[in-house]
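By letter and in written order, the chains are A, B, C and D; residue numbering begins at 1 in each of them.
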Amino acid sequence: MARKKKEIRTDIGWSNASSITLFGRDFTRDILGHLNLGDMGFLELTGRFPTPDESRMFNAMVVTLVEHGITPSAIVARLTYLGAPEAMQSAVAAGLNGLGTVFVGSIEAVAKMLYEAMPAADAQADVAALARQVVKAFNESKRIIPGIGHPVHKPVDPRAPRLREIARETGFDGPYLRLMEAIAEEAGRATGKVLPMNATGAIGALCCTLGFDWKICRGLGVMARAVGLVGHILEESRRPMGEEIWHHIDEIATAHMRPAAGEGEAA
Amino acid sequence: MARKKKEIRTDIGWSNASSITLFGRDFTRDILGHLNLGDMGFLELTGRFPTPDESRMFNAMVVTLVEHGITPSAIVARLTYLGAPEAMQSAVAAGLNGLGTVFVGSIEAVAKMLYEAMPAADAQADVAALARQVVKAFNESKRIIPGIGHPVHKPVDPRAPRLREIARETGFDGPYLRLMEAIAEEAGRATGKVLPMNATGAIGALCCTLGFDWKICRGLGVMARAVGLVGHILEESRRPMGEEIWHHIDEIATAHMRPAAGEGEAA
Amino acid sequence: MARKKKEIRTDIGWSNASSITLFGRDFTRDILGHLNLGDMGFLELTGRFPTPDESRMFNAMVVTLVEHGITPSAIVARLTYLGAPEAMQSAVAAGLNGLGTVFVGSIEAVAKMLYEAMPAADAQADVAALARQVVKAFNESKRIIPGIGHPVHKPVDPRAPRLREIARETGFDGPYLRLMEAIAEEAGRATGKVLPMNATGAIGALCCTLGFDWKICRGLGVMARAVGLVGHILEESRRPMGEEIWHHIDEIATAHMRPAAGEGEAA
Amino acid sequence: MARKKKEIRTDIGWSNASSITLFGRDFTRDILGHLNLGDMGFLELTGRFPTPDESRMFNAMVVTLVEHGITPSAIVARLTYLGAPEAMQSAVAAGLNGLGTVFVGSIEAVAKMLYEAMPAADAQADVAALARQVVKAFNESKRIIPGIGHPVHKPVDPRAPRLREIARETGFDGPYLRLMEAIAEEAGRATGKVLPMNATGAIGALCCTLGFDWKICRGLGVMARAVGLVGHILEESRRPMGEEIWHHIDEIATAHMRPAAGEGEAA
C-alpha cells in the first residue's frame, strides 16, 4: 500500500546558468537596483512590487521593529557571539528565537483579532460597535487585548502616532487602523486606564490594511530584528559586554548559596 | 580576591517613557518614515545615515542576498515550520544557522582577503600586481579563493555585472572592486578556467569600499536572508512541501535497508 | 520613579576555584561517575537523584525519543551542517527548533490533558468515567486528542507496549497510564477506529506519574533528540546527503517553471 | 547537460508499520529498556553498544558537560524563554548556539591536537617528546593550547582528576590521556604558570581513546548541555530571572546616555 504523494512545488523562483527568476521577474534586470530591502520584503509577502505609497508605509512598519537598544534578543545575540564568534549568523538566529508570543508576536495577535472582527476592510463599519464586541469577548474569556499600552512608553508609545501620520500621508489610515484605535479606547474605558494603541497595534492594523495573512505578521518583526541584531553583533565585536554580563549575573544569582566571606573559603 | 569588572555599555540607543533615541537621533521624528529597511541596516553598520548613493548601493547589495529560491536555508525553514508552526520566528532562525563559511560566509572571506592585500583603498594601487600576490599566496597554502566562479551560474553570475553597473552609477567602482576583478582574472589565468567575480565577490569588495569590518560582512547576508525566509514560510503555510520532503527523502535514504517487496512484510 | 526590581536567583548551582556545587551536591565527588546522562536529566527536573526504578524508567522514556531515522529534524540538522560545518552545535540547534506542537510537543499536550482530568494520581479513580469526560470535551471543542494513533506505526506503536512493560517492572504503571489507555480506548470507540496509546502518550502519562510540570515535558524530547542529532551530523560528515537533498528538491519544486527542453535555453 | 546525482543514504535506521530498526537492531526489543541515555549517545557515535566500562566512562564524560550553573548558554535560554514561552525547544536551541570555539569547542581542538601528534594510540610513545613538539608548534604559530588551565577553577579543575580516576578504573587511562597531561606539564614549564589539564582536556583525550572523529567531539558538549538547559528552563518557568536581567543590563549599559536626574525629563 503505497503512500499517497503530495506536491513539492514553489512559485517563488528558479535559476539556471545565466538567469535568476523571482516572482516571475528577471531578478538581475528588474529587481536588483530597483527595490530597496523593505520593498523586497513586500515582494516576498505579496508577490508584487509595492506602489510608492506601499513602499513608504511598509518600510516604516519594518523600520519600527529593527532596533530598540538592549532588548532580550540583543543580549541573547551578544552572549551567543561570546561563545561562537566564528558563527555570527547563529548569534543572530539565537536572538530571533525569542520573538514569540510575548514580544513581537503581538503583531500577529492584533491582526488575528482585527480580521476576526472585520474579515474585510469595510469603510462603512461601525468600528465603535465592533470594538465593544471585541473588548467584551476578550474580557469574558480573560484574554489580554494585544496592541495597546506599553510597559515603558507611557502613556503613549511615540511610534504609534508617527505610524498613524505616515498612514495618513500614504492613504492607509483605513478601517483597520480606526478599529484598532476604537478597541484601545474601549479597553481604556472598560479598565479606567489610558491604554492607547501601541506600535505593534498600529503595525498589526496596517498588516490587515495591506492584506497580509495574520499568520505571517510576526514575520515583519523577524525580518526587521535580524537587521538590528547584526548591528548589536558589530558593537559586541568592538566593545564586548557579553562576558561581563555572564559573570555579573552569575554573581547576583548565586550569592545566596556562596559561603559568607571569612567562612568556607578559609576552611 | 575580587574579579576585575569590565564595562557593560552600548552606544546604540536607549528609551524612556516618551522617546526612543537610536544612534544619537530621535527615532520617531528623525528615522521613522525617512529611512527604508536597507538604510536602517546601513545605520546599524556605520552609525550614520547613508547618502543617496550609499542608500542605493547598500540596498542593492542586501537585496542581492534576500532570495535564491529553494536553497538549503529555505528547506530548513520549511521543515522546521512543519513541526512548530506556532513559532515561525524559530523557523527563520533555523534557516539562518546555515549561513556559515560555505555559503554566505564567502562575503566575509572576500573582504578579509581584500583588506589584507590593500588595507586602505588606494586609487594608485597596482591591482594586477596585488592580485598576483594574492593568488600565489592562496595557491601555495592550498586555500580556495573566495568570490569567484559559481556552481550554477556559468560562466557569469549575472548579479555580479549588475552590481558592478550600480557601483559605477553610484561612484563605488573603486580600487577594491578592481582588485577583486583582477584576482578573478589572475585566478582564471592560473587555472585555465573562466572564473569571473561572482555576486559574493562583488558584495565583499563593496563592503571594503564602504569601510565595513570584515567580521560583520556575513551580516549582510544574514539580514537579507531573514527577509527571504519569511517569504518561504508564507508559501509553506499556503502550499506546504515540508511533509512530502520528509517522507520522500526518508524513502530514498532508507531504501537499501528495507526488505524487498514480497519479503519480510509478508512473513 | 524607580523601577521595582525583581529577584535574580538560581538554586541550580555555583562554583568557586576548587569546587562545583550542583543541586546541593559536590558535583565532582557525588555526581560525576555515579549518575548516567539520563539520571542527570532526572536530577535537572526534580532536584534529586533517581531511585534505581526511576533511573530505569526515565532513561527508557528519553531513549525512546533519541532517534527515529530520517526525521524533519535530522534533515534540518544535515542541511544546516552543509552550509556551516564549522558550527555543528548550530546544526543540532536548528534541528531542535522543529520540536514544536506538531511532533514532540504532544508529550506536553498529553501531560496537560491528564493533569486537568486528574490533578493528583488517584489509585481509586474511575478512569473509564474520566476518559469519557475527556474525550467528550475534546470532541465538543473539536480538538485532536494527543497521544493516540500514529501515522506510520499502525495499528500499534511498538514503543508504547514496551514502555508499558518497563513501567510495570518498575512500578510506574499507575493511574495516569491507566487513564491514558482509557482515553485511547474511549476515543477509538467514539470514532470506530483503532487508536491505541502511542509512544508520546505513554511518555506523557509517565511524566505525570513522575510528577513533572506539564510545561517541561517537551523537554524530554529536546534533551533526547539533541543526542540523536549529533549522530546524524556524524553520519553527514562521513556520507553527506545534504547537498543532494537541496538540488533534488529544487529540481522537483521548480520543474513547472522551467522552460521545456529544447525551448528557452536555446533561444 | 544533466547534473551528476549523488547518493542520499543513511545507515542509522528505518521503520515500518510495526517496527523500528536502529543501527541494525530492533529498537523496541533490543535497545529500549536496556540502554541509558548516555549509552544511546555512544551508540550514535560508534554504531555499537558500549561495554560496561565504556558505558561508565562515556556517561561520566557527558555528565561532566551537562551543567555549570549560570553560564552564557543558560542566560540565553532563559531570555529566549521570556519572549517565547510557548516554544521551549527554541530556548534550548538558542542556548546551544553558543557552544562554539570559545567554550565547548575546546574538546574538539584537544582531540584534533592529540590525533595530529599521535594518529593512533601508541602505548610505547614517548609522550614527553611528543608534548615538547606540540607545545613548540603551538607557541611558534601563536596559537593557544586547548585543554589546559581554567579561568575559574584554579589551579586545578576538580573535574579533571575525577575523570582521570574513572579512566583508571575503566581502563581508559591510555596514551592519549598521558599525552594530554604531558602537554599540560610542558606548557606549564614553558610559561612558568601552573596549567593543569582541565575537564575539556581530559574529555578530548578520552574521545581519542574511544576513537571518536575529532569533528564530532564538540557533540558531546552539545548533547549534554541540552539536558542541562532543560533544567534551566524549568527553573525559569518557576522563578523567572529573564525579565530582571534584561532591565538590569539595559540600565547599566545605557546609563551614560541618559539625562542626569533633574535634567531632561523635566524639560
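The rule is short, and it goes like this: contacts are C-beta pairs under 8 Å (C-beta built on N, C-alpha and C of every residue); 3 or more make two chains touch, one makes a residue touch a chain.
Worth saying up front: this structure is predicted, and the values here are computed from it rather than measured.
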| query | So chain B and chain C: same face meeting same face, with over half the numbers shared, or different? | reply | same
| task | Return the chain pair with more inter-chain C-beta contacts, choosing between A-B and A-D. | result | A-B
| task | List the centre-to-centre spacing of chain B and chain D in whole Å, with centres computed as mean CA coordinates. | result | 29
| note | Distance between the CA centroids of chain A and chain D (whole Å) is 34
| note | Per the C-alpha means, the centres of chain A and chain B lie apart by a whole-Å value of 22
| Hey, what residues on chain D touch two or more of the other chains? | 8-11, 13-14, 16, 69-70, 84, 86-87, 89-90, 93-94, 97-100, 104-105, 241, 245, 249-250, 253-254
| request: Please categorise the chain-chain contact pattern as a line, ring, star, complete graph or other. | output: complete
| said: Can you tell me which positions in chain A touch chain C when the two form their complex? | reply: 8-11, 13-14, 16, 21, 84, 86-87, 89-90, 93-94, 97, 249-250, 252-254, 256-258, 265
| Once bound in the complex, which stretches of chain B touch chain A? | 3, 5-20, 22, 27-29, 31-33, 35-41, 43-45, 55-56, 59-60, 62-64, 66-70, 85, 87-90, 92-94, 96-100, 104-105, 152-154, 156, 158-159, 162-163, 165-166, 213, 215-216, 218-224, 226-228, 230-235, 237-241, 243-245, 247-248, 251
| message | If we count contacts the way the header does, which residues on chain C are in touch with chain B in the complex? | response | 69-73, 75-76, 79-87, 90-91, 93-95, 97-105, 241-242, 245-246, 249-250, 253-254
